[in-house]
Each structure stands twice: as structure tokens, then as C-alpha cells.
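You will see two complexes here that share chain A, one where it goes with chain B and one where it goes with chain C.
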Partner chain A sequence: MNAMNAMNDMNAMNAENTPPARGQGLSWAECSARERLAAFVDEGSFHEWLPPAARLSSPHLALLGVPAAFDDGVAIGRATLGGHAVFVAAQEGEFMGGGVGEVHGAKLTGLLQRALRDRPAAVLLLAESGGVRLHEANAGLIAVSEVMRAVLALRVAGIPVLALIGGANGCFGGMGIVAACCDRVILSDIGRHAMSGPEVIEASHGVDEFDARDRALVWRTTGGKHRWLCGDATALVEDDVAAFRAAALHWLAAPRALDLATLEVEHALLADRLQRCPPGAEAPPLWAALGVPDAARVPDLDADELRQRRPALDLIRQGGF
Partner chain B sequence: MTPAVGTETLQFDFPGERRPLPFEPVLVGVVGSGNLEILIEPAETAGCRITLDTSARGFGAIWAAVLGDFQQRHRLAGVALAMNDMGATPAVVSLRLDQAVAHLRWPAAAAAVGEGE
Partner chain C sequence: MLWQDLCTALFGAEHAVQADGDFICGEARLDGRPITVFGSTNHAAVGVELALRQARVVLDTVAAHPGRPLLLLVDTQGQALRRRDELLGIHRAMAHLGSCVELARRQGHPVLGLVYDQALSGGFITSGLIADACDALPEAEIRVMRIPAMARVTKIAEDRLQALSADNPVFAPGVGNYVAMGGVRRLWDAQAPGGLAQALRDALADLPLQDERARLGAERGGRRLAASVIDRVLAAP
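Up next is the complex of A and B:
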């Protein structure tokens, strides 16, 4: 009888409410790259190119005693998102920290170059990477530079490239630059985006400069909230696959111009921001200087609460578009 | 004696007679610390062929025991498993193997035999 009542309640709820959005309640950070990809695009729409069975693996790792991955840590292919034809790539952060090796990078570059030919609605990079895979040294560095060039070529052709960042490894190094080259960066509050990672800064400049074990410091320096408040990210979302999906759909058809005038405006904004940056190089005073009310409370707020607080400043680089 | 460098590659061929319905290759797991990935594919082999590449050298006997136990449970035929391992424990390996096999579908008769065992 109780079960029957529960079923009636559920039926009533389904009649009143729309069904949950695709991917709702699924943590982006906790998914593997393939789980994330499958839940993010329209159901069953992902068609993979160079799948694991093709065994396009790193030729460099075995010699170093490191096992290769059958897909070299990245899945690429085509799919639909809300019915729009898109190209997608998902990096696996658990494999070598998402590091970009020669093959991994070539797969990304090939995807982007194919997009130039086939002209999908957009290319979506589900990025999770510590940057260049140092085991592969120059081959990895060259691979990342080729990815950057391919992203910019797509933007010139008017095909938007979106970076979606919310994995536990964040997006750093060469992939951090790739993401910054994209039309849009969509970040979760637990996502991180920067050039040098915390441990790299500590190793090169000392613990007094940056304590990589101070997680609060790491997040208020590289985390999604900081990036979004500063305007480096277009959208701040919760750690939820449905939230990433909604943000990607929202920004799918909104390329940013890539021309000299736009770059000059952007550089002027960055110079202005640097000038306003208070001494001490800590994030909360910068947020306050940017006009965020009650800046010290920012780390305690969730994405929704924070979204209502971002001031409509001309300092905001991307969000105002 | 030359020093041990690189990964260790092992191959096992087990007899078996349970042939699954035709299937597309499936990948489970991730090559991360203490973890492994397994690619399960149809193969022109009488039983089950397992090839693996591992960062932990010198554990051939343990692999033989874990994989032999797996094949004793499933008796696979016409199936190849390829694995990249980064130091997964035997328990994790067994779970991943069962996860891979869970993607297979069986002809009605074979399923009945399998369940009856």
C-alpha cells in the first residue's frame, strides 16, 4: 500500500514537473572522461574516431616503464548537443594527469582540423590536463602548439571552440593556454584553470611565494570562482553534468571575434585590471577592488549565490558579451 | 644480467567454451595509479586470450593465478582481453575483469548453462 502511494506521488510529481535534465545530479569531477562525455552529449549520439580498439597509443611510454593507454588519454569524435552537430574531445585526468603527449595532441589537432572541413556548430573540449606530458618532452610541446594553432584557425573560420573545465586535475600548462585561446571557458566552482600549477610555482619560487598544500589558497588563486569574477571564464557552473550541458548550449552559437581590435580591447582591460590589483597579490582584495560586495565571503558561497554578486564592470572581459 | 627497464608484457591463453553473442569492443577502467584499463574484443581464438602490459615487473605468477581464476568462472571462448596496468591489486583486477564481462550478451542456451554451473 505504501509502495502504491509512493508511486501515485511520483506520478503526480512527474505530471507537475518536467523530468530531470540530462546529467542532473551527476558530478562532473567524479566522472571518468568517457563517463562525462557519454552523459554530456545527447544520449547515444557520440561516435568515436580512433577508438581504443584502434590502439593509437604513445610510442614513448613503455621505454620509461609506464604503461600506455589504448586511447592515449583522450576520446575524440562527433555527437549532438541539444540536436546541434558538434565535435567533442574528453581528456582523462587519471591517465598521466591528462598530460598531452604526441599522439594525444595529434588526436586533438586532427579533430580541430576536421572541424575546419566539416563545419560543426561548435567544438567542445572537455579539458582536464596538467599540460604537456613531460615524458614526451619536445614531442608533447610541439603537439600542444599545434592544438593552439588549430583552435585559432577554427575561430578565424567562425566556428566556436568551448573549453569545459571541472575535473579534479583542473586545466594547466599548455592546456591552460589552449583553453584561454578558446571562444569561451566554462568552469565549475571546483574546477581550476591557470598556467603554472601550484606545485610548479612552489618548486620554482619557494613555499613563501606559494604554498601548494594550502588548498584554500590554491582555489582562490586558480579556482572557478576567481576566474569567473575576474572575467577570465565566461560561465561559472555547479559541479554537475547538466549544468555544464546547459552552459554549453547557451554559449554554443556565440563566437567571439578574433581580430586586432578585439585583442586590443582585451589587452587594455587586462592592463587596467593589473593596475587596479592591490599590493600583496591576494585574491580577496582584488575581488573587492573589482567591486564584488563582501569579497571575503566569496569562498563560502555556492555558484548560484555568487552569480548574483558579480558586478557588471567593464573590467569583465568575456562575460559581458 | 641487464637491469629491468620498461614495462613487462605477458600473454595467457586459456581454454573455454562459452561464446558470447557478437559484440563491439568495450573499454573499462583507466590507466591510473593502482588501476588498469581492459579492452574486451571478439577474437578468432578457441578460448580466451589475455595480453597485458604492466608497470609492476615480476608478478607473472600472481597474474596467472588471478586470470586463471577469472577464466575458471567465465569459461570464455572467442574473446580477447587486452590490459594496461598501473599496479592494480588482484582484487581490483578481478573486479575490472568482471566489469568487462558484464558488457557481453549470451545466446539463450549458453546463458542457461552458465547460470546452472
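Up next is the complex of A and C:
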């Protein structure tokens, strides 16, 4: 628990004279996947499928002599959230950067396919991943595409899938695409959601293209505030488990249709952004072009102040997330 | 193979498929039946713009031509590695393309992917790998990364990776490995009776309605665990 959150916690208690919300004051980013999961769902409600005791680890890592994990870096199961029956998965960023290998991916696909069969109220993906695990590259790539198809199948069936992103490793690569296929994306202001990591882009096109050590640049290009302002996230929350929990509960029963009309709006939103975006790759001119007031000040604002500034574009209001 | 030669082999000279930069699109006919052909060429880096152009083709086909098959021609070096594309939300544009293909599938459009040249990582996930099935020409190249790059990233000696890849398709590039793992359904044989046109006819005739890749990977021995892990999750108490 960091000092500021602890203070908020106490203020909340004093102000309302009620016990703190579940997970309040607990940093989402600082939690391990299992800590996050345990504090996020209703207390004691997580029932894990293929737990570490099943010793299901990656045979490919073993062949390479790389340490494996008995859950292959992801915990899956059922739980309740505010009393609603949900399926959950939490990726562990500390293990292979949350990278998706054959077993890890199959656990996610199995969970999603089971949701199609058992129809829980929602599926919650506590995503933290660099994408395909390069140690088992080919299998990881196919696995990610299987996860993606399984998510889309749930969309079609009207079972909401929510991606929750706020871990230190962000959500990138194939998992970045998967999260963007979900019904809703809940992102913290310190979370990052993108495709290629800045290091990969710098390695490919040089430091002038993307200086991966410039943290401010990294966050205004891929961070939670930017994504939320552009309409790429449903909710922008503080780095706090209770905030994620509240947002997930709020959006739990709000699926996004996958039909022609919805996808036409999505298309219009993305095409409009591409057309509005001034030359270059800087965020503030794009924010200004989208109608964000005082765009230059955005990086200094906290999440609460920022929520007032989302552009009132019809496309962002109607569309997508 | 050049996309022009491929299209001529598939449809004769009468097709209307054209390239505009890295983007390929147009209508063709197989046995008189119209098909929407789209995809990329020049080992395209798929950025926001190219993803949206492809999505547009899918949406237009769904809106105007119910049930018409879609043939997705794959030649990509992967996603565009540009800061501007990240700023613009390339992950969302690629997810949108995938969602459009899913919509087409659900509306009864057969969707076939064909890797005719090169397929890499992010560009492949939202093209061939999102189709009902993805086939390939035997000379196609498919990978996430080459062995030397993989050795650098994983800090594992190149010769060791090379040796492991001799009998484990997970590690090494190659279209045959993707067949063994179920990611590619089958390779087309231009020398077989009927040539590539017959291969296309056959491919469209038996597209799976469900994602069969994990099962194929298990049957072919290239991806032994995925299907059984999925089954175990489905059966877990």
C-alpha cells in the first residue's frame, strides 16, 4: 500500500464513515497476478482450474533449459464479482513478461471456450503481457490467434469479455490485439496498451523514431491517459484494485455488439482519427485535433481532472469502447 | 510467387484484382462465382491505414454481397514498427480488421487465408490466422523471428536452437512447421491436376466452421499440448 493511496483510503473512511471498498489502497501494478486476482474478485471466491498443483508447465522452456512455472504464467478459473458469476484469468508479468506460449495460450482459449458453453455473466482478463513468448515463437503466435478467435466468439454470443490493464509490463503484441477485441477495456493511468514495445521500435528504426528511455514520450504515446482520451478505453482508473473492481462491476453487463452497424461506427472512428492526426507522431497535436481542451497540459493532469476532458466527439461517444 | 501470377493462375486473365501500393483488392470469379480478393503485397508492413483498407473491403462485401467468399492474400513483414502507428492505436485497428472478418464469418461468408509469399507475427495474426482456415503455397515463408534473432532475445546459443528445431517445429521458421502445428491447414500443389485453381476450389469447399487448429496440431504432432490443455480446462471440476 503506498502512502497516497493509504491517505485516500482514510479520507474515504472519514468522509463516509464506511469501511473501505475491497482492494482499496492496493496498487494494481505492484501486485503479482495472483495477489491482484485474489483482491479483485469477491473474497475467497476464486476457484482455479489447472492450478500450480497440476504442474502444467511449458515443455518448450524445459528443452531450452529455461526455468518453467507450474501455471505457465497464467491463473484461470471461476469466481464471483459483486455476487455475479464470472470467469477470470490473470497473467503474471514477472514470468516471461506475461508472454503467451502454447500452454499459457491454451489455458486462456480453454477458459473462453468454457465461457461459451457455461455462459457466466462475464469473462475478466487481467491482462499483462508482452505478447507472443519468443521462446516458443511459432506455437505462441498460433495460440494468440486462437485466443483472439475465442474472444470474438464470445462477443458474438453476447457474453461480455473485459480486459483490465494496469500491470508494469503493460499489454502488448498479440495480447494488445486480443484486449482490443474485448467488449470493454479498463485501463489505469499508469497502464500501457499498444502493439509493439518502444524498445522494439527503437531497435528497428532508431532512437529518433522512438526513444524507449523517454518515459514521458512512451506514456503519452501508449499510456492510459492517451488511450482514454482517444476513446480506446472504456474507463480510466487509478492504480488501485478497488478502482478496477468498481469499473469492472459498472461495465460487467454492457456487451459491445459485433454487427455491421457497430463495426461501421468503429471504422468511422478509426478512419476519422487517422484523417485528423497531424503529421508526425506526437500526442498533443492529435489530442488538440480531437478537441481536447488544453492538450499540452494533459500529461500533468491526474485521472480525475482528465476525465473532464475527453473530447465530445460523437464518434467517441457512440463508438467502440 | 507474384500476386499477379497467382491471380492469373487462380482466375485466368479476366480478374479485376489490382494493387494500390502495398494493398491488393478486387473481384474475381471462380467457376463463374464471384469472390472478393484482398490482402497485401511487397512484404507490406501492416499499419493503421493498411489494416483499415482491408477492413473496409470486408465491411463492403458483407454489406453489398451476402455470402460472397473472401480470399485474403497474405504477404507481410508484420505490423508496422512506427511510433505514429502506435499513437494512432494500431492494436485497435488490427483488432477491428479481425472483428470484421469474424462478422463476415458469422454472416455466412467463407473466409480463406492464403500465404503466397511471406507471413510474420502481428501481420499474420489479423490476416491468415483469423480466417476460417489458412492455407499456403509451399514456397511461402512463415515465422515470428529467425533463429539468430531468437538466439539474441532468448540468450540461448544459435546452434542449440538450430539443433532443437530439427525435431521441434516450435522453434524454427518454416511453412512446414506451421502445417505441423495446425496453424496452416494445408499446402497447395501447383503441379497437381487442376493446378492452383483446383486447390482454391477444394479449399473453399471444406472450410471448417470451428477453430480446428489445436486439434490439427495434436493430430500432426507439431503442437501436442494445446488441444489437451483446452480439453482439460473444459472438463476441470
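In this section, the second predicted complex is superposed on the first by the 299 of 321 C-alpha atoms of A that agree within 3 Å, B and C clash if a C-alpha of one lies under 4 Å from a C-alpha of the other, contacts with A are read in each partner's own complex, and residues count from 1 in each chain.
Methods note: a contact is a pair of C-beta atoms (placed from the backbone, for glycine too) under 8 Å apart; a residue touches a chain by one contact, two chains touch by 3 or more.
Owing to the predicted nature of the structure, the values given are computational and were not obtained by experimental measurement.
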Request  = After lining both complexes up on chain A, report clash or fit for chain B versus chain C.
outcome  = fit
Ask   = Does chain B (first) or chain C (second) touch A:L37, or do both, or does neither?
value = neither
Ask   = Who contacts more of chain A, chain B or chain C?
value = C
First, second, both or neither for A:A303, with chain B first and chain C second = neither
Message = Looking at A:L125, would you say it contacts chain B, chain C, both, or neither? Reply first, second, both or neither.
response = neither
Query = Given the touch rule stated above, what does A:V66 touch, chain B (first), chain C (second), both, or neither?
reply = both
Request  = With the two complexes superposed on chain A, say which partner A:R149 touches: chain B (first), chain C (second), both, or neither.
outcome  = second
Request  = After the superposition, just quote the angle formed at chain A by chain B and chain C, using C-alpha centres and rounding to the nearest 10°.
outcome  = 100
Which of chain B and chain C A:A79 touches, first, second, both or neither = neither
Which superposed partner A:F95 touches (first chain B, second chain C, both, neither) = first
Which superposed partner A:A53 touches (first chain B, second chain C, both, neither) = first
Note = For chain B against chain C after superposition, the smallest C-alpha distance in Å amounts to 8
Remark   = Going through chain A, the residues touched by chain B and also by chain C turn out to be 63-66
Key: chain A partner contacts - residues on chain C that touch it in the complex   = 48-49, 52, 55-56, 59, 62-63, 79, 81-96, 98-100, 102-103, 106, 121-122, 124-126, 129-130, 143-145, 150, 153-154, 156, 160, 164, 168-173, 177-178, 181-183, 211, 213-214, 217, 223, 225-227, 229-234, 236
Query = Any idea which chain A residues touch chain C in the complex?
reply = 49-50, 56, 59-60, 63-66, 76, 102-103, 105-107, 109-111, 113-114, 117, 132, 134-146, 148-150, 152-153, 155-156, 173-174, 176-181, 193-196, 198, 200-201, 204-205, 209-210, 221-222, 226-227, 230, 232, 258-260, 263-264, 266-267, 270-271, 273-274, 277, 280-283, 286, 320
Request  = Flag every residue of chain B that touches chain A in the complex, lowest number first.
outcome  = 5-7, 25, 27, 30-32, 35, 37, 39, 41, 53-55, 82, 84-86
Inquiry  = Could you list, by residue number, the parts of chain A that touch chain B in their complex?
reply    = 32, 34, 51-53, 62-71, 73, 92, 94-95
